[in-house]
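Should a chain be cited, it is by its letter among A, B, C and D, assigned in written order, with residues numbered from 1 in that chain.
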Amino acid sequence: MSDDQKPYKNGFKFPEQSIRTKITEVSPNRLSTRGFNQEDLIENLSYSENVFLILRGRLPDEKEAKIFNHILVSFCDHGVTPPSTQSARLIASSGASINNAVAGGLLSFGKNHAGAIEKAMALFQESISGLNLEETDPDDENKRIALLAIEIVNRYEGESKRVPGFGHRYHDKDPRAAKLIDLAIQESAIGPHTKLALAIESILNEKKGICLNVDGANAGLLSDLGFDSDLGLGIFMIGRLPGLIAHAFEEMQEEEKFRRFCDLENIVYEGFKNKRIDDGEE
Amino acid sequence: MSDDQKPYKNGFKFPEQSIRTKITEVSPNRLSTRGFNQEDLIENLSYSENVFLILRGRLPDEKEAKIFNHILVSFCDHGVTPPSTQSARLIASSGASINNAVAGGLLSFGKNHAGAIEKAMALFQESISGLNLEETDPDDENKRIALLAIEIVNRYEGESKRVPGFGHRYHDKDPRAAKLIDLAIQESAIGPHTKLALAIESILNEKKGICLNVDGANAGLLSDLGFDSDLGLGIFMIGRLPGLIAHAFEEMQEEEKFRRFCDLENIVYEGFKNKRIDDGEE
Amino acid sequence: MSDDQKPYKNGFKFPEQSIRTKITEVSPNRLSTRGFNQEDLIENLSYSENVFLILRGRLPDEKEAKIFNHILVSFCDHGVTPPSTQSARLIASSGASINNAVAGGLLSFGKNHAGAIEKAMALFQESISGLNLEETDPDDENKRIALLAIEIVNRYEGESKRVPGFGHRYHDKDPRAAKLIDLAIQESAIGPHTKLALAIESILNEKKGICLNVDGANAGLLSDLGFDSDLGLGIFMIGRLPGLIAHAFEEMQEEEKFRRFCDLENIVYEGFKNKRIDDGEE
Amino acid sequence: MSDDQKPYKNGFKFPEQSIRTKITEVSPNRLSTRGFNQEDLIENLSYSENVFLILRGRLPDEKEAKIFNHILVSFCDHGVTPPSTQSARLIASSGASINNAVAGGLLSFGKNHAGAIEKAMALFQESISGLNLEETDPDDENKRIALLAIEIVNRYEGESKRVPGFGHRYHDKDPRAAKLIDLAIQESAIGPHTKLALAIESILNEKKGICLNVDGANAGLLSDLGFDSDLGLGIFMIGRLPGLIAHAFEEMQEEEKFRRFCDLENIVYEGFKNKRIDDGEE
């Protein structure tokens, strides 16, 4: 294909052959990430500060670093209950390597599992952005957020949908969410997105006893930290990876091989029976 | 958790512990799939007839079997050009096992790659279903489909979108689509969905020289065969798997290990430079 | 990096930038695979003949085509019992897309699951190749294979290992293996590798009631067809993919979302309890 | 299947239905990991301390925490050069979701990529364990490790193999390894495994100018911290995940869709040409 045919052909755009990046510059004996020598990062940053740098392109200040660290720790593990952890353990028990087990766990994230954090971030960010709070004084801000929360709860109720980031299969009150909010209050790190999350919780709790969950609390905090909602699942995965690895490793070390989570006695066949291909010919 | 708390808690529904299936019944020394003994299937069915049975729950008739076989063969390979094949080869060249290479290839299917078949099936099925053709005589049917095609092309043009299933990055005229349509004509297997695909092609071809591609032709044929549009990607994967395996195997056998598709000379760093963490303290 | 530094640097070999392939030639409006126009393949080959062509680089003869088709059909499904199928269903139930579910299923193949076919192919091929049967008359061939079988069984027993391809978790007698062997006998397609498989079965059956399973039967037949043992898992995956897709689709269509295969009542915590981080400081 | 048939049948052991774990205890409104309330972990631990706790089952002391944090940061990113990063970007550019891109990246880890860390850990741990250093005085320890290093280098040279953890495709001197060792010296955290790594480096550097790489340095340090060699890849993945996510996100945000790393002009077809299926019949 000659250059003049590029980059458009048959209505499709062809990407250039070279690849542009702003993350890491590689040259012989030198690696620099987001402008910093990697030696400097290794010596001076905590892991969570380094993640903040890589994803946001700048260093966090002290308060941001503390909150972001709490967020990453809070996602660490929910035992054997999530499908992602069960997938990772199933795959590990079949003798596959640990990266397969972890990858299989990550593939479980979908609409019904780990999808709430990005939905909640998008909801909080769109809603707050619509308020144009820049020139608002604090009292007025709080009132407007309270009204917005009522509007959101009513809208979701009207569509018979659950507000993302609230309620939990196993917990009436998700202990991680409560602790994250406590710490953010102590550290004066509650911004408008987290205020909105708390205002929604207050309504849902009064009406139905439903509380903020770990996804909802972190959706508020991450939005206040300025993270794009499309990074929500990525940050969750960073937080959860150590748990997935611990489960895969435990399965490899401790358990019988070839786990099945259900066996003949749990499987009910409800299909056709006793059919025959009569002609016996292909 | 006691039984009386199930299956609802905190607004979430819990699935039952047992699993119900209509696909295969397993008992000691006996396997039957969709009601047929697997011995019967092994002896009497071609692979593509068997796939039809597994996915649709019934045997195909002779004409259906022929068309479905053509469809599966037509997806077999597009050389090294697709990102899925490049991913599979990259992974194979790193020394990972062949199932990893294939899985990585499958993970490449997304909005921009292999997404057209399900979109085209959904478009054709919703459009034709809206016509209520059951009581229509053939001449009238053709006219109404022709009008529908005009309406569809106009709607997509109005939204500056491409109609899914038409046009190809590498081919002005996709040779697979043309052959599939020829064979379906010979075998009198053109139903209303494929008619609609051809009517759209005729407009797009006249206006812009854009033709039906392999996804569009198969979307028509599979819809005429009664397949749910949510099975489109699954059927494509069955067709493409042998190609992915051949590429992964070729990479493992023939090539230098540790392929990279781009190297320092193709990577352009456009980010920050020469920053320093001044305090030197965490 | 200048050209003179390539292809070796710091003891590593760098692959060339271009990629060489013998599978499919792509040019505008033309696709040819293993030398054949894809239109020709679509019109004239069954899916299983086409798979044979793609993987082996040549067309099968009529007998090879029949046997290879039986092999692919025989792998189609084992219900919900295998970890791969359970992984695929877990992932599908979480709302992930169908390619994720299938990829997760493929990642379950490891030492303890689907590993037997390649081990059996390697065992049969190395053993038969060591006999140098080219110049042997049939009677002598049978005797030497019978002796080899005894030697193999003794060797594995001596190392307290199971011979790969024999015995099955759910079946005393795997019905698929028996049917495959029957058909191969009818079609005069039993070569030395399958003879060896049968000779080993005869010993194991007499000693311990252990029979050939579907992996062992197909390992013999595929070896007689000339397939490299490194393609065993690939062929198994082609055979199994329709089953994985049917299960993922069934889960998406029929079942409650967010399946878990075990819940609080099945999980036993055996670790530490009630520890505290005393200093309360990081 | 009745209970008396379990857990053995046809020579296979069946796992129990329940699952045992020592990682996290889940009960309503309470989550505790390795014995600690998750609220306590969120408030008091850095992410890397928490990873140490999850993987090792105990808290690190202050020195261990520092070294382990350096290790995790050092793996963060190597730009667009590794196949894992290229796979993740390819998959992201096809419109797949971010967890697919990351999972595809992880699947690239194999014999030729990211395999060195576990091999180096196993080598260092087996070698040092064979020395029975418990009762040795420091001078004698250093001498015995120096002799061991010579023996190891000779053994690998004799087998024409590279010692795992030494040399780098892009760096004569891997800047990350040098910094990690400097910091470990400052923090008096060099144990026998890292001593062995340094002794091997000294020989290889003198002979061939080959230095310790990031995998080799971390293999020494992680072994001194008491990590099982089967956790090496897991720890690498935790360190690398943020980089993979940043690259996938950059691809999703910044680049043209449907990246291909090579196109028609880079693909050389070397297979058969112009064959025909003569009979025209299946």
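One rule holds for everything that comes next: a residue touches a chain if its C-beta (ideal position, glycine included) is under 8 Å from a C-beta of that chain, and two chains touch if they have at least 3 such contacts.
Here the structure is a predicted model, which is why all the values come from computation and not from measurement.
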| item | value |
| --- | --- |
| Any chain that touches subunit C and subunit B | A, D |
| Chain whose mean Cα position lies farthest from subunit A | C |
| Which of C-D and A-D has more C-beta contact pairs | A-D |
| Turn needed to bring subunit B onto subunit D - CA fit, degrees, nearest 5 | 180 |
| Whole-Å gap separating subunit A and subunit C, where each centre is the average of the chain's CA atoms | 35 |
| Whole-Å separation of chain centres (CA-atom averages), subunit A against subunit D | 23 |
| Gap in Å, rounded to a whole number, between the CA centres of subunit D and subunit C | 28 |
| Touching two or more other chains - residue numbers and ranges from subunit C | 12, 14, 17, 19-26, 37, 41, 43, 45-46, 79-81, 93, 97, 100, 103-104, 107, 109, 170-172, 257-260, 262-264, 267, 269 |
| Sites on subunit A touched by subunit C in the complex | 79-84, 86-87, 90-91, 93-97, 100-101, 103-104, 107-113, 115, 170, 257-264, 267, 269 |
| In the complex with subunit B, residue positions of subunit A that touch it | 9-12, 14, 17-27, 32, 34-37, 40-41, 43-46, 49, 57, 59, 100, 103, 107, 162, 167-172, 208, 210, 262, 264, 266-277, 279-282 |
| Interfacial residue positions of subunit B with respect to subunit C in the complex | 1, 12-17, 19-26, 28-31, 33, 37-39, 41-43, 45-48, 50-51, 54-55, 69-70, 72-74, 76-81, 89, 93, 97-100, 102-104, 106-107, 109, 170-176, 178-180, 183, 228, 230-231, 233-234, 237-239, 241-243, 245-250, 252-260, 263-265 |
